[in-house]
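What follows are several structures.
Look at the two complexes coming up: chain A is in both, with chain B in one and chain C in the other.
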Partner chain A sequence: MPNGDSPLLVRSAPAGRTDEAPAARAPGRPLGERLAPFVLIAPALLIILIFRLWPLLLGVNFSFTGDGEQNGAQVGLGNYAELFDDPVFRIALRNVGLLVLLLPIAVAIPGLLATFIFLKVPGNRFFRSVYFFPAVLSPVIIGAIFNLLLSVDGPLNAVLGFVGLDPVDWLGDSSVAIFSVVGVHIWATFGMGLVVFLSGFATLDPTLLDAARVDGASTPQVIRHVIVPGLSRTIQFVFVTTMIGMLTSMFGLLFVMTGGGPGGSTYLPEFYIWIQQGQMNRPALASAASTVLFLVMLVVGLAQIAILRRGLKEE
Partner chain B sequence: MKQRALWLAVLIGSLALTGCGSASSRKSSTSGSAGKLVVWDWKSSDKTATNYVAKAKADFAKKHPGTTVEFVAQPFDQYYTLLGAAIQSGKGPDVILFNGGGQLRDRADSLLPLDEYVAPDKSRLAGWDAFSKEGKIYAAPITLQGHPIYYNKTFYSKAGLDPAKPPATWDAMISACAALKKAAGVPCFAQGNKEGYGIQFWMSGMGSSILTPDEYDQWIAGQRDWTSPNVKKIFSLWKEVNDKGLNTTGPNSTAMFMDMYTKFEAGKAANVIGLMSDVGGWHEMNPILGAENLGVMLPPVVTAGTTPSLAYDGGVGYGVAKWTKDPALAADMVRSLTSKDALTAYSADAGAIAADTTVTVTGGGPAAAAITAEIKDGKPALHVALSAKTQEVMGRVSQQLLAGKITVDDGVKQIAASDKG
Partner chain C sequence: MRGSRLGKWVIAVGMAALAIATIYPMLFTVNVAMKTQREYILDRFSLSSGLRWENISTAWESGGMARYFVNSLIVVTGAVVLLLLIGSMAGFALSHLRFRGSRALFLGCLAALFVPFQVIMVPLARTMADTGLIDTYPGLILAYVAQFLPFTIYLMTSYYSRIPSEIVDAARIDGNSPYGVYRRIMLPMGRPALLSVGVLNALFCWNDVLIALLMTPSPERRTLMVGVTSLRGQYTSDIPLFASGVLIAAVPVLVIYLFLQRQIADGVTAGSMKG
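Coming up: the complex of A and B.
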């Protein structure tokens, strides 16, 4: 049983078992006392219902109505048909697939760096703070910095030119731009994953590590059979939060660095939603896209948990 | 116990308030009660608009002493998103600032037709077309916005070209570009298409010298023939200029606002298609390049038989929301906002060409004078006639054209489909 369960259930369970039938018909305790827990959880529950679930349902419902002249009229699945017919939305979904593929890299980087810090490489204290530093910068500032660094006549291309390579239009070439933006996003956010990994390392039992070493395990074997299983919860957590971060927090970077371009190649669903709602005046279509994004995240999140739970279990 | 219940109520109450607050906008910025008007814009907080707002308020106060006016300046990048939320809820500001063209037309069903109220201003102000839909006026223009081609006279002199006589034909332009590259070492055009605006400026800046006058007028009237060779020429020339290396490098990753203009102002390109009001024009180029070094040219003739002209429309203007309580009162506010006094102040402070044709631009140098001289022969800009959706598709296609990912025929087909649909 998870730790989060309320003491209420723990307390009432034995009571239910001892006098099962009478409890249902003639309550042994006063009405007030039995209602108290429900009254106490009501505010939290109501807030979730009113401010979370109800708007969610309204949004889904809104996605079945029309825009502009058809405002308010039911159009069934019309918005969804239009969405999947729109090449830009298809690019946005394809980019989500790309992000899922790039996810292991986004998790491996903080994992690897945290391992080095844990193994106390020289200067680990310094690196610990340096790695976290970008996480405190706003995406707009990071985007502006990298706009300068990655511009065609910018410093990175100057370095490439120095070693005799052709300049790359990092943000202006439609087959490169999405990787540039994702790379910057990983750079900007891996500090959070790193901190989570470090706290995970703190919970590792050092005696297990010592025992493995005494038994003659090599470093890769220690990582594979002791560290990774011991960190399975942490890895799972970082995977899911990184995925959510990639799907929902790249707006600022996209907005500043590429504006969805060139040729729509760096669109992500949330950027698409913003464009449709704010620039194209299509709120209902944007709702439909939001619903699709919600479902995608739900499926991806659940699939990840299932896969990781199976993959990280040490038999 | 009572105390605790009270705290809980306060907590829930404040949660409810913040919950609403983030989605909609500030309480004070929605539709005014009787005796109060709320104006939404993205300019009134600028120092350059202080005088303008004061003059407009004073003019309005003379007519309606009992009414207070509240200006709410929204951030421009969120402006139409916030406005969309207000429209969706049917509550919001009484008087709304709009960009002319698609942004206004897409929202015309939330606005009040102003024809009867602004009739006395019709001849004094120019640029009404950008604020009209199906023959009805939905906003009154305060500035004119257009797309003159600016050039740096210093480079023209250096290249042995006459700075007073810019190229009049496309062939002359191409050879001028070669001379500029050779003598001054700069590419011909500063280009920035990261936002997808570059193609819009190209289309409107060059359009009158590519489309025949007949095609031009039909385009504006909504009869756009996307299969016409001249229409395709706009896009093939757009690509050709870049392929020939006449643009500054990396146009798809260069933001028009403001990197493209910074390049021109920093002397890294000889020409740029700019704006005539607010930013990206003579107002900011004059002090940097020197007013006497900044020239304005009409587009060089590409298609024989065309008459090059300045492309301009109403730039920004004020409309009245459908839900306002007293339409006549709100319309009077719009009239105050377009009064000659107010527009004179705005033109001088913000460096805009005012919609009021009786306002003279002071201190704009030769460039502003050249633009003003072209207004009477000018025509509406081609891209402004397109819907926001078509402009978005066109921006995307234009980037793919520069990147060589699509052919001109395929690209034009995509834009045509969105224009018809």
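Coming up: the complex of A and C.
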């Protein structure tokens, strides 16, 4: 659409870039062009509004209504009361607490490995490629593979037997199973944190590192005083994304490896939501669990950012 | 860092052990997939006596994997094409066509990033059922687009922001409409980002199981990953066939990884740069 007054418009555009460009409001241009930003953004906006943000409100609202015979009726906090009375949901929340406790480990592993790769350990390029691979595999595939590896007569117990230890029922013992699943999750996803850390390292100022070395700093000292402060943003990002990953992408593993069992010991909120919605036909109760999960994520995310901010400033 | 040469080698040995621990589960599965059932029962660790592709073809045909594979291809292709199209249009508008409220829209997009699927899945399933989209390819495609669009828009917007506005201005002087700029400048120049985001979205959709379970319950529309979850029940006693099914589902990802590892890593890390 060639347009007579566009040179004038173009000249004014850079000046207007600070906030809102006059482009959208400039008179004398075809309506189609003036509407261009809105036309281009409309499909995205509609999809996000209808299928992401609207369901969020709908779900919160839904969580205050009843299931089954009480369908649609307002029940106040009834679903929430039932939720916190349900021992299985309490296990799910306890397991969230466990994930929060294990989080520093899940962040430290890729952090340390990335540091070694950055410090040019022999074979670093190879290690990077290998470590990252499980992170792109589906949790369902990982879970299926580990069903074989962790079976009572599987390879891991064979290794234990080789060094003289008794076999462990990795997925069938209710005090062990959650650790097995979380362990597999960390094994499968530390590659994600690793590449994020490595991209953070790429932004570090090399002269600082050289200076530290010239001053005779040991590797742990370099890590503590140069690398950690320099990577504060990256560390923060990995903390938050790892936590989100633990709370929202373990469904596939749980579904394939334990099905929430044994005795409900490996439930996480996301699995609980799925069971209530898909198997028990309790959508309103599931919505209440969704709302709780959302609040948990919000609180954990904000708390992390606050704690990390303070911790890194003191450094 | 004194004494670091020895230290480096000690660390390298530890990292090599970890690398073996990372690869071994995959190799074990490949080996099992190549065994006969009898071989597996007698000794599951020994090297398979030969390459038995018939396990793979049996799982492919009798296990219904062929059908699931095609379903996954249809859905992933549809979702990725739509994501790239809609995401790049929005990214262009948000980065170069500033308008009243564009900043707020971008922030809204970021906020949507933090709404996980688990939180909206119940009402979303209901909406899909009400609109007749449940258990259809378009319904599942739409669910994927909705899920991964905020991330796509975020990456495309930050990528396009790095394209100097002079290039856009020059194209406008040459008589291009905003739509022309999008088609002739933004799409071609955005190719590296589109490739990165496209591969990553393809992996997300291909690997998903929760959304697919919820949106397409009937076996005819089942995706490959949902198919994998039922393998264990299908082949309770024939573990080599089970492993073959798992292998079929993993190979496409392995191929993509071997060729596009760089792009995948770029997509994963792009989000961390701006914080």
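As a convention for this text, the second predicted complex is superposed on the first by the 261 of 315 C-alpha atoms of A that agree within 3 Å, B and C clash if a C-alpha of one lies under 4 Å from a C-alpha of the other, contacts with A are read in each partner's own complex, and residues count from 1 in each chain.
Heads up, the rule we're going with is that contacts are C-beta pairs under 8 Å (C-beta built on N, C-alpha and C of every residue); 3 or more make two chains touch, one makes a residue touch a chain.
Given the structure is predicted, the values throughout are model-derived calculations rather than measurements.
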Chain B versus chain C as contact partner of A:301, first or second or both or neither: second
Which superposed partner A:274 touches (first chain B, second chain C, both, neither): both
Chain touching more of chain A, residue-wise (chain B, chain C): C
Contacts of A:258 with chain B and chain C, given as first, second, both or neither: first
Which superposed partner A:243 touches (first chain B, second chain C, both, neither): neither
Which superposed partner A:53 touches (first chain B, second chain C, both, neither): second
Partner chain in contact with A:99 - chain B first, chain C second, else both or neither: neither
Contacts of A:36 with chain B and chain C, given as first, second, both or neither: second
On chain A, the residue positions that both chain B and chain C contact, one per complex: 43, 47, 51, 147, 153, 274, 277-278, 283
Residues of chain B defined as touching chain A within the complex: 8, 12, 15-16, 19, 78, 80-81, 84, 88, 106-107, 109, 193-196, 249-255, 388-389, 392, 395-397, 399-400, 402-403, 405-406
Chain C to chain A touching residues, read off their complex: 1-2, 4, 7-9, 11-12, 15-16, 18-19, 21-26, 28-29, 32, 44-45, 86-87, 89-90, 92-94, 97-100, 102, 105, 108-109, 111-112, 114-127, 142-143, 145-147, 149-150, 153, 165, 169, 172-173, 175-180, 182, 203, 206-210, 213-214, 225, 228-229, 231-232, 239, 242-243, 246, 249-250, 253-254, 256-257, 261, 264-265, 268-269, 271-273, 275
Chain A residues touching chain B - in the complex, by the definition given at the top: 43, 47, 51, 68-69, 88, 147, 150-153, 167, 169-174, 177, 258-259, 261-264, 274-275, 277-281, 283
Residues of chain A defined as touching chain C within the complex: 1-3, 6-7, 9-10, 13-14, 16-17, 19-21, 23-24, 32-33, 36-41, 43-45, 47-48, 50-53, 55-56, 58-59, 62, 113, 116, 119-123, 126-127, 129-134, 136-141, 144-149, 153-155, 158, 187, 192, 195-196, 198-200, 213, 216-219, 222, 233-234, 236-238, 241, 244, 247-248, 251-252, 255-256, 269-270, 273-274, 277-278, 283, 286-287, 290-291, 293-294, 297-298, 301
